[in-house]
């Protein structure tokens, strides 16, 4: 019988199979692969959920536009309906699953689709138009807020109980407690209107409309000038959180044995503060920073709206109001992707900073 | 006893903490001399002030502590006397570790978890002007060998990659890096298993013989102290209540508290099941009791114990004690020792 | 309190400072451009969403709004509400043809587009051809007009499909005329398609419609004295620039119109800082007060709608007429108005589905006298409830014979400060009277959806509309939020529109639709009177109050606003006075 050759070929097969399994297992175990798969799964779940949920929101793009024409233009309902009829390339009665499959099909080809309410502009074009502003202003705000918060928080912990600490803690608590839009209004009303430190109209918007876009000093200066109020508001509203977190983290680090040991070892104050206290105290803040970095993209809706700053947050807000499903979907997707990526980066960065949580082995 | 070979002399040292309720007298009027090559064991319950005393020696106390009185005189290798309490920050920083190092309890957090062992070595060396990394490395590897570690592996490791016992050895090696005259060991074997304790103690004994440093050894474990110390001091409520050569203290304790500690320590070899602890708890040091601070818990206390604090008196060669009933204690101790098969070492 | 003081200080300071702001930057431009910048605001969109197509709702209508579109693309005439008369703009003559089969307009012969070419009947015909294909104008969508014919170079005739109509007249006279040249060959193709007799649901028609709405004119040819290009649209403001070729170019007093982006929250500080001189946004009463404190004048104008209490007729006992009438009696509508929008609202008087200001012109005196005003009278309300078997129980609540109390949920939109205030006040007043009403706030989109779905017991939404015609004003909740105006089996209020009334079967829906048909105002009044009396009797919804616009007007920056009692202030924003006053030069920069 063929009893003898069989096991040979079997073992051969098994050898091959186990080889494949080993390779596949190795691939799966590979950190990059795992993280990529997890990332895509997360995005898929987020996309599906938002796809469902935004279409479950009451009203649809057509109804909203009719409302708008009625209230803003004072048109009787029938006239408004006539103007809006057939305006959008959107069929509210199409089966949900069909819309979903269409969308996912486009997405698989890297196509975010076209906006419903804005004359069929490609969503990717909209995002690339508004994203840079948000990245610029919120990114700058986050950077300044984080650096200032960390430095001040560490100083507060180091001199805790001092006048400096008390004043800064009070400031941080206030900053932490006041909503950003209140700060925005206070800046405008007190700085711009009461004290006339600046002229409100000159600081509103993304850039002076009378300047030509380009890489010239006037334009760049105007960019920074117009980012000033949103950035200041963002910093004032968020720096308190960083300060308080850094302070408590630093205090607990200062109480660690290894700091006492470092003193006993005769290390210089500088070395202890930066190499031991600062670095260790910042570790817990890194997760928060990573999340904040991810959320940079979604911008700061209220701040951008008040200062008419042309960022993605303001745009998203408008589009939610208009029920522009494809645009909302696209912005959500990009934002979630940013959060996912920044979390992965944070994991990697964390591994560099804290060997105890080094991911995926060495 | 004073003389050329005293390397660290503590004179009438008192340390208070400022607390919400008032001053807490953590260390009061402590005096002792540490000789070259000597090992002094400080024993007592937690909270008796032994750690405060040691941190005080290196001026590592928190901001709420006040060194109220006394002197800490250190004699360096050039025989210059230095009052540590008067050192300016720069001089203090140089004094630390190069003259007097401290080995902390290593099980947990004495090593910065996020940097390599080697960087802690280099940091320490650089802080004291040793900038030749190769030399430092050679020295560290040698020390690691001496504490029976795999030198290359440990040198490049992160703390969390080492076991508790290994970390303790790293700390010991780190403590000896700059070849200090005095090394303070703060409960170096606590929280380690028995076998590891044993091997750490062996390492310490060998090192001491080889390098000849003086040391202060803090422990609440009498058995451990007995193994390593030349002199033993018992602390209670911030005071040294008895001090003497290791054999005197163990075989002829003269203070009721010392005796109590010995009875409280577990004895491995006996069939005696009961473990006589000391009844009661240490006194409140913000409002300490009058008289002998131990009188409330002392089974032998008499009226004068409650009113007048006993002074330290000499009861043997280098053996001092502050107890009115030192003779009764001696008798009681002898009676106890007469029971079969008690031993400490 | 502290905050109030702070704001007050801020506003006083700003008032004193406003004079020093000089926002008008002299910018060298076309010769003879008047200096000065009109500082307004409109929530336009940004390119690429922003485009210059006048036949797509996301184009000029959205980006300029009715007001500013009219100073870029002129309308044939401008309507004065107080006198029911039209003021000539692009047209010199208009009216019904003698046989009433058509309406005609005759254009000014000296009118030119901004490129210097003449405005002719061809432009009107082209405009209506494009609008017809896209079904964009109500003269087509409502079926009034069947054809638009060029009579001579400056005269156009609109052939009525059926009866002549005053509603159609208004629609014709207030629609902007676009330049045929802006739309390439599309107007000609539209005319050809119409001439071929193609059906409006044919493939060619749909294809051309798509082509027209997706067309993006490269430039905006203006008949008004201002025009703009997409380069003038920034994220901060857009600028309409003076051009010399309009019939109004010599009379206007501003070289440019600056329209700030943003809505209420963004424009509030800009109004205070003097960067915006006039705004059509809706501001809450506290902000209005702040403007007034800062010395900014508030122009009161009709907004032509107000909150109404809506009933669900599937919910007992709101299907009982006497219960609804009792509710009309027990709610203090003056209090409701004040809480809704401070002084910018008035309690409803005639309670008949028409705006109080329109009642005298739309109804006969006899019918007006027959209307029940439902003046606040809680005894009368109690009497009505008792007449249908309700009585007060031991808890002081009104209950029917079975002991069932009058209990309901009152849904209202959380974001609309005015509507939610009106709703909460109504809840309070009904509960004080002995009902058991629970207020429930939901996002406005949700509220609207719930009303359409019939998923409510009581709710609040608007009634009346910005039209001088009875049929449009009557078109309220009972059509929009009732089964007759809804699709997909949505029931809305579920108020029956066909029923027996005084012995005859009537169709209220049809009656309202037909109310303003024809040219005979007396007949229209009669029809409106019938409807008004039925609504007044049945109280299918309670028109709580009418909201007024309060528009900030900074007299330090602008001169020429009408006095408070000027009849032109009876115009709502669809016929905003600034259109006329900007064009004829009444509004000018303040000295």
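For clarity, chains are labelled A, B and C in written order, and residue numbers in each chain start from 1.
By definition in this document, a residue touches a chain if its C-beta (ideal position, glycine included) is under 8 Å from a C-beta of that chain, and two chains touch if they have at least 3 such contacts.
Values in this document were obtained by computation on a predicted structure and should not be read as measured data.
Chains that touch both chain B and chain C: A. Highest C-beta contact pair count among chain pairs: A-C. Taking the mean of each chain's C-alpha atoms, the chain closest to the overall C-alpha centroid is A.
Averaging Cα coordinates per chain places chain B and chain C 89 Å apart.
Chain B has its Cα centroid 54 Å from the Cα centroid of chain A.
Centres computed as Cα averages put chain A at a distance of 39 Å from chain C. Against chain B, in their complex, chain A makes its touches with residues 256-258, 260-268, 271, 275-276, 279-280, 283, 353-356. Listed in rising order, the residues of chain B touching chain A in the complex are 55, 58, 60, 93-98, 101-102, 104-105, 108-115, 120, 123-124, 127-128, 158, 160, 174.
Remark: chain C residues 6-7, 9-11, 13-14, 17, 21, 23, 43, 45-46, 48-49, 51, 56-59, 61-62, 65-66, 134-138, 141-142, 171, 209, 213-214, 216, 234-237, 239, 260-263, 265-266, 269-270, 272-273, 275, 303-304, 443, 445-450, 462, 465-467, 472, 475, 480, 572-574 touch chain A in the complex.
Taken in their complex, chain A has these residues touching chain C: 57-59, 63-65, 67-70, 72-79, 82-87, 115, 117-121, 125-126, 129, 181, 185, 188-190, 192-196, 199-201, 204-209, 305-310, 323.
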